[in-house]
């Protein structure tokens, strides 16, 4: 009866990538946990982070790079921590048209690579990755900001760029629209770069561990349920956000396309260790992140106290539920 | 009557021509439908949106923040524009900061606005007010400065108070400028509402556009853009109508007098 | 009513002149307006123009003084300075004992251009001073209508200025100048756009009003007989530099009527002024 | 020069009148301007105003016609219609044989208000018609300076309008009306803001110019002697409705001089017009 | 002289007051520096940027697209504004579409602009032109419509051509409106440049702000915002200066005449 009001925010606009976590709404997991969750969307983590730092937003979904970069001398530390690893594998890919002669990252010498915007976090990673091959930006290759969606698609098709470096889900969407794409292989260490996870204010983590666990648990159940029944997950998402349902195409086409996109995302959300270990961070991964950002010139030193940025304290309690029951419930959902 | 016919008929003709060009560009130039949707798809989106009713809450959310912010922004702009026009001291102290504030892209200061005003409708209203402010401010200032000197002298001879002069001479004399400002601000305020919804919102036409664009759903994007256009057009038409009705003395209209 | 004050046929009209009640005795002329050694130099795109030089003038509290002079001699400038709208380059003006640094409410003014507010109808234009001075509007509405009747525009009370002819606009300006009983009335060629008959009518009405209220008046005109008919004193200005070259007292008894116009003194004065004037205006 | 045309002392001035060369014989008056049964009804905020009713008029190609009438009788409206700026509600106007539907370049005009462009100096304001009609500007510059000398403003050629007095602005307007030798000259109270002496000077100059060029002229004035002195014919208009109540021919020989003013016919005509006029203007 | 002193001194005073308030808010209210940077950090960023020279290419890139786009947008606006003001037919056919185009948030049509004009400076110029267009358009239109009727009649009597009337009467008569529009468009054009750099760019102050904002580097953000403000202020001051010089006949300035 007495539900606790909790606000949860994404630093991007709503898209199918958010569907797994939001399956918790459709399955009623938040409600079960006594949480009345309002969901907000912000344009960029720079807009969202201050909201969490001011406790206007309780929980957020965020990539680690702004946090790592904030660990600079003379900067006030942000009073926030990530407490749940949401995406284990890097969602970024470099794609080329299927009939392109380019086969590996090596072939990108002298080519134009499209990125969403120069300010995107993955640009650093891409630069570092190509640096490993001895290539430097401007000299050996050029990055072209092309935006997402139609413009990026168009740029790749008309040859203004040779390769495109965006999120996996964007690429899948293009394929749904008829594009024939091929993904260039990444080195394992780049592929295994973690990405977004849950974040909260230090005070919340200290004073309301119960709330943190309750929220994390419900969200985790949502991901598991979605993984068990992607079709129901898509339908749940469309029910929550009817405007995200495409206007063009038949019902079945829309559903098929959406499920394809969703499965791409789910692949990055399920940890290699299996469903019981959802949300763990390793210190190496964080260190690796700092090294990358240092190599890319964003951090003056790679030797930063990354352990202040995250905590694994809650993961055990969060995973303390019956995953099989969740899978079963999801499978029986329409 | 004929006048009304023309005001409706001509734009309708152009609209038809545009739609024909739209269809032709898709058919002839093979513009892909992830870039420009087919008119049918947009129509369908509009139907789903407004007949089945899914867009209405978004439409009203945007309308509400736009209207409140517009009224606040324009009101403030008239007051401050008048102050700056009336006093060299105010001008020196305020003018550079107003230009400074306005030269800063609002998107860049959005985080501050969100922190101060929250991410509810308040921050959208503030953004609309900020956007509507500047054209009104400049036009009010220039308009008031241009008031015919003889009329001001007339009032000064009678020691009329500043307020009296403002309402009886300066405001009507600046009416042309003010209405021009009001028209510009309609459009800018609307953009302010949409942009602030881009930055953070779970409602509104701006949010719909952003969400649709992420999902590559161009038909919905176009449907929402058309809704915005409808609001913008109604707003400017309303201002133009008020302009004609209220500023009846406007010289050009009475030129040499109209004969029957 | 016949053409009286264009002086063309001075005995033609004798009927229907009602100069109003005759006051028992004219009030003693205490100085209301004192101007000392006024000079006005305008800044212009082509260097300074001396519009007025060393003009001194004293106006009693119930004087009617006219100013005549060639076009461009500085008559309007004089009015601007007296009304407080223009600061003289040199010299000082005192009104009712205090210095005039800025406009003050107790002055009525008729500008050379009608200067009506296009967004107010005729009646509201006449009421502009009443509203500006915060006086009681309903009380003055009747007076405004009376004044409009006086200037022949009662039917146009709710028309807007751009619907009036040039002469009608000027008449609205005259009514507005008279509405609020100021202690000083400044009039800059108020009758210039009026036809002969209307002009005569207005002159006689103006005399009637002035005699009834006995306020100070400074009247600028291009018509010599008009000046002589209305004034206690006439100031003649010359151009380049604009300065007062002659002051002539008019001692004709009041109220002046058409008979006055036939009086030899009247005609002598007119002739004197005309002779003076012809020396002032030179064309090559 | 003495005050001649205010008629106050008709024998006072006899010197320095040069009405220009006398043309061998006046050209036969072929109709240049024909107006038939003109009516003008203005739309206003308070319903229609009939400004002019059933006015017919014929102007020969070298006629000088004056129009007199009370303020608001429709004189300016007549000028607007003849210049093509206002479409009459009824009736038609033909100029040089073709119907006047819109303004045409061969008309010179002096408006009742000076209507100068504030961003052009005096000389450029005078040259406005020359530039507008695409005529040769350098060739007309000298003429413009001559006209400015004629109106006594040669020293103000490079000043801007807001630096001039009311009368000076009006004189610029007169110079502008005369610059481009139009076949028809329309003048709306061109001398109203001028002092007596300047006015006389301008009247005589106008006659000289007209006799030299023999163009058609329609002249609106409030001064009866001025009308008689200048015109071949005088039209008297009444108000409500504005219509021509009388047409008077002036058969005094040209060039007219101060002697003309003393002629009994001249004074008879003035008296006749004045009598007529006094019936037209009614005040309660 | 004294005038100049005042024009410099007063804003400088306010600026000092603002900086004091800035420092105080950080010290007293403990505003964290990820939200508002310390003045020292901003100064440092400015030094690195402009003395060591790292910002200059970005500064000039933004300036270049802003200036080119501004000139194009305003020029076009004056031409089209005049056409619409002069012809009812043009008005009927064009006006609604101009309002429609302008009511659409530019960010929403940015993808189309990118597709048509590429990712280089062209698309930024187009965006600036689109943003500068509207205030100029409306102000030109209203200004021309308000031209004093008697002056127009004067020119019509002499059968002056439309072009002649436009340049000799309408343009000077609308100058007040046009300069007001030019001032507003400076600021809007600048925002257009920055926003288009947000959407897609590898250069410019907008790109710098965006990049800094991702890293939560508020000092750099503020330094770039200050650079924008400097451009905006210089632009509007230039326009105001031109306004005073060119529109010398402006009635209020010559009021009753100025005495020496």
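Every chain is named by a letter (A, B, C, D and E) in the order it is written, and numbering of its residues begins at 1.
The definition used in the following text is that a residue touches a chain if its C-beta (ideal position, glycine included) is under 8 Å from a C-beta of that chain, and two chains touch if they have at least 3 such contacts.
Everything numeric here is computed off the predicted structure, so don't read it as measured data.
Participant: Walk from subunit B over to subunit C along touching chains and report the minimum step count.
Facilitator: The distance in steps between these two chains is 1.
Participant: Which other chains touch subunit B while also touching subunit D?
Facilitator: Intersection of subunit B and subunit D contact lists gives C, E.
Participant: Which integer distance in Å separates the CA centroid of subunit C from that of subunit E?
Facilitator: That pair's centroid distance is 51 Å.
Participant: How many angstrom lie between the centres of subunit A and subunit E, each centre taken as the mean Cα position?
Facilitator: Distance between chain centres, rounded to whole Å: 38 Å.
Participant: Taking each chain's centre as the mean position of its Cα atoms, how many Å separate subunit B from subunit E?
Facilitator: Taking the average C-alpha coordinate of subunit B and of subunit E, the gap between them is 17 Å.
Participant: Take the average of all CA coordinates in subunit A, do the same for subunit D, and state the distance between these two points in whole angstrom.
Facilitator: The mean C-alpha positions of subunit A and subunit D differ by 86 Å.
Participant: Of all residues in subunit D, which are in touch with two or more distinct other chains?
Facilitator: Answer for subunit D, listing residues that touch two or more other chains: 42, 45, 85, 113, 160, 163.
Participant: Counting only residues that touch at least 2 other chains, which ones in subunit B make the list?
Facilitator: Within subunit B, residues 35, 107, 111, 115, 153, 198, 213, 248, 251, 254, 256-257 contact more than one other chain.
Participant: Find every residue in subunit A that makes contact with two or more other chains and list them.
Facilitator: Answer for subunit A, listing residues that touch two or more other chains: 46, 50, 149-150, 154.
Participant: Spell out the residues on subunit D that touch subunit C in their complex, using ranges where they run on.
Facilitator: 1-3, 6-9, 12-13, 42, 44-46, 49, 68-72, 75-76, 112-113, 121, 149-150, 152, 158-160, 163-168, 171, 189, 192-199, 201, 222-225, 270-271, 274-275, 277-278, 280-281, 283-284
Participant: Which residues of subunit B touch subunit A in the complex?
Facilitator: Subunit B residues touching subunit A: 32-35, 37-38, 41-42, 44-45, 48, 54-55, 58, 107, 110-111, 114-115, 118-119, 198-202, 207-208, 210-220, 223.
Participant: Using the touch definition from the top, list the residues of subunit D that touch subunit E in their complex.
Facilitator: Residues 83-85, 102-105, 107, 109, 111, 113, 115, 117-119, 128-129, 131-134, 160, 162-163, 180.
Participant: Touching subunit B in the complex: which residues of subunit A?
Facilitator: Counting only subunit A, the residues touching subunit B are 12-16, 38-43, 46-48, 50-51, 54, 56-57, 148-150, 153-154, 173-174, 177, 241-244, 246-248.
Participant: In the complex formed with subunit C, which residues of subunit B make contact?
Facilitator: 150-151, 153-161, 164-165, 168-169, 172, 247-249, 251, 254, 257
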